[in-house]
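I'd like to ask you about the structure that follows.
Order of writing sets the labels: A, B, C, D and E. Residues in every chain begin at 1.
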Amino acid sequence: MNSVDEVVLKVEGVDLGYSTLQVVFDVSLEVRKKELVGLVGGNGSGKSTILRAVSGMIKPWKGRILFKGEEISGLEPHQMAERGLAHVPMGRQLFPNLTVKDNILLGSYLPRLRANRERNLEKVFSLFPDVKKFAQTEAGALSGGQQQMVAIGRALMLEPDLLIMDEPSLGLSPLYVKQVMQAIRQVADLGFPVLLVEQNIKQVLQFSDRTYVLENGRLVLQGPSSELEGHPMIRKAYLGL
Amino acid sequence: MQIVLKADSIKVQYGGLIAVNDVSLSLEKGQVLGLIGPNGAGKSTLFNAITGFAPVRSGNVTFLGQDVTNVPPYVRTRSGMGRTFQTERPYEDLTVLENVLVAAFLKNPKRKDAEEVAMSALEKVGLQDRANQLSSDLNLARLRRLELAKALALEPKVLFLDEIMAGLNPPALKEMIEFLRTLTATGMSIVMVEHIMEAIIQLADHVIVLASGNKIAEGSASDVINDERVIEAYLGTD
Amino acid sequence: QVKVGVINSLSGNFAAFGSRYNTGMLVALEEINADGGINGQKLELITQDDRSEAQSALAALESLNKQDVPLVIGSYASGITGPLSKVATRQKLPLIVLGSADDSITKPGSDWVFRAKHNSTIVANAYFNYFDNLRQKHPELKKIAVMYGNGAWPTSVSEEGVRQAEKRGYEVVGKQAYDQGTTDFRPILNKFRTSSPDILLTSSYADDGIAIARQIKEVGLNAKVVAIDTASSMISFIQQVGDQSENIVSAVSWSPDVKYEGTPQLYERLKAKAKEEPSFYEAEGYLALTVAADALRRAGSLDREKVRDALAKTNLKTPVTDVTFESFDGFKGQNPIKSVIIQIQDGKHVTVFPENLASQAAKLSN
Amino acid sequence: MFDYVSFFQNLSNGVLIGAVYALIGVGLTLVFGVMRTINFAHGDFVVLGMYFAVVLNGALGWDPYLTLVLAIPLGFIVGALIQKFVLTRVIDAKPETMMLATLGVSLVIGNLLLLVFGGEPKSVNMPYAASTLKLGEIRISVVLLYAGLATLGVIAALYLLLNKTEVGRAIKATAENRLGAELVGINTKKIQAIVFGLGMALAVTAGVSLIPLLFASPVTTGALFTLKAFVVTVLGGLGNIGAAIIGGLLLGVVEVMGASYLDSAYRDAYGLLVFVVVLLVKPEGLFGKSVKRV
Amino acid sequence: MSKHMLFLAVMVVLAALYPLTLSAYITVGISVLLFTGWATSWNLLGGWAGQLSLGHASFVGLGAYIVAIGASQFGFAPWWSMLIAMAVAGILAVIWGKLTFGLHGPYFSLSTIAIAEIMRLVAINEGWLTGGASGVFIETLPEPFGIDLFDKTTQYYMALVYAAITIAITILISTRRFGYQLKAVRDNEEAAMAAGIDPTVIKLKAFVLSGVLTAVGGGIYGIFLSFIEPHIIFNLLLSIQIALTVIIGGRGTIWGPAVGAVLLVVSGEVFRTAFAQANLLVYGVLILIVILVLPRGIVGEYVHKLVRRKYANRA
């Protein structure tokens, strides 16, 4: 295996925006195999926007995005899913009138995933016992936090080559936040690379391998998480210390 | 102290699921009541039952001395309840200012007065720069703040906040806590659902812990976070 | 040259009729111009589409009025022709009714509106004259059932029909209306069947007739006389309904074998122009323009008042029918036309009544 | 004395007519379920099916039911193309916008037919058109029976498709949440084209099955069918395939009974009244449901 | 006076000159104005309150019938009939709204079709009340101050006043509390309730206002046609045309309905003379194109862009 192969996601100098409004400026980042990479930054700094571009919901204005070595700008979200990307967006995007179980099963919609469907389902259930309890309930009836778990479960069903998550701990109770972060770490250790967007920088720095810091659409800091934890700027601006 | 809100043995049921079971609470003027509990515990449901958005099976809600159990939500709003929604509900085709204006019109029938109230609510949540932007163009964090501005513009006596701090980074969180303090200082009471314990600890005068629809503990924040059951069901051990 | 205004439904709901009227007018136009036009001047048509809508028809009338036409011909539906007749009267612009047969257009009528074709009273009378005639040979014909679509024309024909039936001593065993566009007539026909009528008089628009004919057979209603007004007079009716169309009758203003002078030639010309079997609609189009040309010739001027006076004095024999405009029974400017009854015999329409115009003898269905 | 024969005659007619209504309505409800829009061109699609059978019958002498072999795939393709090239442009706009776009499609189809075929009503003359099956004294129209069987077949097939296949899952997922569906790898544009194609194929099937009995006029017939389809699907609950049967049967029986025992002039009003009453009692239709949370 | 009011005043003055300059097209002018008025009235319910009615022809029919029957059977002057029509339309709207406001989205729209169809059937079948299928003629009308109400120019000015009033009402509403309450209910009923708004009351007010104003236009339409027939007037197509006019022009905007009316009526008139048989086909294609290219409607897209641009400049 050469080192190029190791890079799962490579974002090269992208500009992003909505209609006429630019929100991300010349951002480059990469995620390698087995890595858990954090992406943090203030509200509205453009984190979600970058994730949207990676999963094909919006097209870059400038720059390239490479996924497993292939240029992907211009692909649709479903094409990205076929290529092995799983996105847990903010707002969850569940199927409210389908049962929780059907929601999760739809995660293995793609033909190559169907063989392992049952096995993966059990894995998800063991990760989130609560979700199993509500397996036959319509997803729309779940509480906000319960829905978040279903969304993560569904994404795991995709057996992704890269998992990107937008604030998965949003709205989860402290107990679950810990569980989810641990689960994400486990997932990464299993060999699934993860790009994680979170507000809770403490958690991110604690669990992730490397972290990028975004401010007003520009990368301002990057490096191994353990190093950043002590960085004065982080301590001041994000940990409020 | 004056009791502004009282709920007695509230029960809410969805089909076979008892979402809130026999929960009572009361709130004094200028105080903050924290509502915590695991996901799906019934916090939002209790909240909805009190503000009139969820059907109450049994029990009573008394607001400012009036029984409002069977009163439609908009009447409760008129008598002084203001709330946010956990999943934000902007009026998508209106601008940010107009969104708040709708609420401000409640107490200020004149456009000019209403606009002033709306603008000051936007300033309080730091959205004044976005006043003329379409609300559908806001990101999630700003929509949250818009929710809060809408509730503030009602000039309520009791403010109900459902997870408005979720997704805030630490500095913003700090600001928000400060801001809510200034509100209670003016005599406003607050009921808040929150998973961010830091906020609960700093703000709540009294905390109620729900799990599976039942009240499992209550008391001051420090009592509650040291409670065995609460740690087991909600906080987890480090 | 002389320009005549035409308002016709060329698009929209009534386009099927509009194009037939148009064919008839074109045939008349060629004939008139071949005959030297209007006192040597070429006749021209300014045709405006009304989109099967009243507002558009009024806009068309306004624009024709401004173009100084001596008279206007139009339109098909009574909901459109009604407003036209009102405005034409106010503008003192002679209007020759093209297709509308509703009584209300010429009753009470006005000095400026003329109709050479039939109306519902005349048609209802035609049916009952025919039934009376049959009754002379078949006295058992007594019970009659009436079914009609709730449009203006079917309703007024049927209501007048019921009045005639009662006056002439028939027993009305059923009278049922249905909403235009209904496709299932079984409930009505089944109800009729239990009272076994001898005569079934249905009045409908073209579309419904096909379904009605099939369902009459299906429910096993065995009336001896079956009239499906208007719909059964179309060639397509025979083609689409097939054997079950046999012996069904309809009253029409004209049929290809009716015994007027020049009818066979008119039939050929209409057929050549339409490139299909012509119906009374084409003939009525022909009639309207022929009447107009006759009046314009006699008026000797394009002055509207003079044209109006000439129209009022019309006394014309055409291959479609004889035309005079008279006031009678509350009508004004109405041609007391003799409607004819046509019957489908051996897959063809033949005229069976009145006897002096008929080419074949009438038959009973059962 | 109560006339049982005519009662059962009417009842059986009502049921069969109802089956026809269901057949017309089921395509509309499918499209609504996924696209969240009411297809005002649905009736025109039915009419397109009728014209297709008329043309093939006239040119090649084919029995209408035989033309289904071509009509169904062709209908599917045309429907999919309309979705792909026209409606997909407004898929993100408000549902009303899409609804009005289908109205434009309806205007175009109706008037195109008018230009090409003229306004005369068209039908085919089949020897079995007026033949009946006799059950004692009750007569049952053979064509209606065929149409009823077509309804059953179509609905069974749809049920299997939606509930037992991956495409069915994908359709349901797309109906619920398009972005969510995209994220698990479903090509929602393709699914929408498939669904619209299916809707059109169903409409065409209804048209072909009915032409031996009824007639097609370019502009007017389509609107009538669209209206019936609305009532049927809303009665059952928009987007619910099985409920379209119940909605159709209910409408058929109510109309026929009303026309038989009350006043036939108000036939359509009975159906509409039941429709309004059902909506008032159960705003989501008889079998409709939707999870709602605050 | 707001800038919209000023613009309206200018437009009214210009429109008042129309009969003097384009006297050959008064009928088209009347149609434009009537559709402007109807569409603007519809917009109050459909655009501002978000309740997409496909049954507004009922109100047109109601106005037209009451004026026509009033004139032909009872000899009522049209202005008295118009007042009766407004009252009846208001009552109808209250009942109709109470019945159907529990319904949402397409269910509401379809229920309006159903109720309008039922009214059409009643108009056709209850001849004692309405003259039945053959319709009603208005034979004579009074001549106030010697003004001939059958005169097309007179009718034009009646329609102009009517259209102007509907637009003026919309302008007044647009900046006031009621206008925002309507939009709030449209965009999110629950949030509106949380803001102290009773959605049912707000929607009812909109329905009554919309229905009453539509009926007034219906009354003028009755005089304009002077003959009305249920099939022509209680027509689903008319209901759809009214809705379409607004959607083409821009829902929830002040000028959208007027722009839509001008575009649709004038293009309809041009196509009618230019394309003969194919005219409705071309019309359908035009509608499709406008909807596909400008899904918010002509004025709607413009306003939307304007709001976005303003923000972009500030940011």
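Convention: a contact is a pair of C-beta atoms (placed from the backbone, for glycine too) under 8 Å apart; a residue touches a chain by one contact, two chains touch by 3 or more.
These are the chains along with the protein names UniProt gives them: A = Branched-chain amino acid ABC transporter ATP-binding protein; B = ABC transporter ATP-binding protein; D, E = Branched-chain amino acid ABC transporter permease.
Quick caveat, the model's predicted, so the values are computed rather than measured.
Colleague: What is the touch distance from chain A to chain C, in steps?
Modeller: Between chain A and chain C, the shortest chain-hopping route counts 2.
Colleague: Going by the average position of its CA atoms, which chain sits the greatest distance from chain A?
Modeller: Chain centre farthest from chain A's centre: C.
Colleague: Between chain D and chain E, what is the gap in Å from one C-alpha centre to the other?
Modeller: 31
Colleague: Find the geometric centre of each of chain C and chain E from their Cα atoms only, then give the gap between the two centres in Å, rounded to an integer.
Modeller: Comparing mean C-alpha positions, chain E is 36 Å from chain C.
Colleague: Could you put a whole-Å number on the gap between the CA centroids of chain B and chain C?
Modeller: 74
Colleague: Provide the C-alpha centroid distance between chain A and chain E, rounded to the nearest whole angstrom.
Modeller: It comes to 51 Å between the two C-alpha centres.
Colleague: At least two other chains touched by the same residue of chain D: list those residues.
Modeller: Within chain D, the residues that touch at least two other chains are 111, 114, 265, 268, 294.
Colleague: If a residue has to touch 2 or more other chains to count, which residues of chain C qualify?
Modeller: In chain C, the residues touching two or more other chains are 11-12, 15, 19, 150, 177, 179.
Colleague: By residue number and range, which residues of chain E touch two or more other chains?
Modeller: Those would be 121, 124-125, 190, 277-278, 280, 308.
Colleague: For the complex, give me every residue of chain D touching chain E.
Modeller: 32, 37-38, 86, 89-90, 93-97, 99-101, 103-108, 110-112, 114-115, 223, 227, 230-231, 234, 238, 263, 265-266, 268-269, 272-273, 275-276, 279-280, 283-285, 294
Colleague: So in the complex, the part of chain D that touches chain C is made up of which residues?
Modeller: For this pair, the touching residues of chain D are 3, 6, 9-10, 13, 17, 111, 114, 118-125, 127, 129-132, 139, 141, 213-215, 217, 219-221, 224, 255-256, 259-260, 264-265, 267-268.
Colleague: Which part of chain C faces chain E closely enough to touch in the complex?
Modeller: Contacts found on chain C: 10-12, 15, 19, 47-51, 53-56, 58-63, 66, 77-80, 82-83, 85-87, 90, 102-104, 150-152, 154-156, 177, 179-180.
Colleague: Applying the document's contact rule, which stretches of chain E touch chain D when the two form their complex?
Modeller: Interface residues on chain E, with respect to chain D: 52, 99-100, 102-107, 109-111, 113-115, 117-118, 121-122, 124-125, 190, 236-237, 240, 243-244, 247, 251, 277-278, 280-281, 283-285, 287-288, 291-292, 295-296.
Colleague: Under the definition above, what is the set of chain C residues touching chain D in their complex?
Modeller: Those in contact with chain D are residues 11-19, 150, 176-179, 181-184, 186-188, 190-191, 194, 206-207, 210-211, 214-215, 217-220, 234, 236, 239-242, 244.
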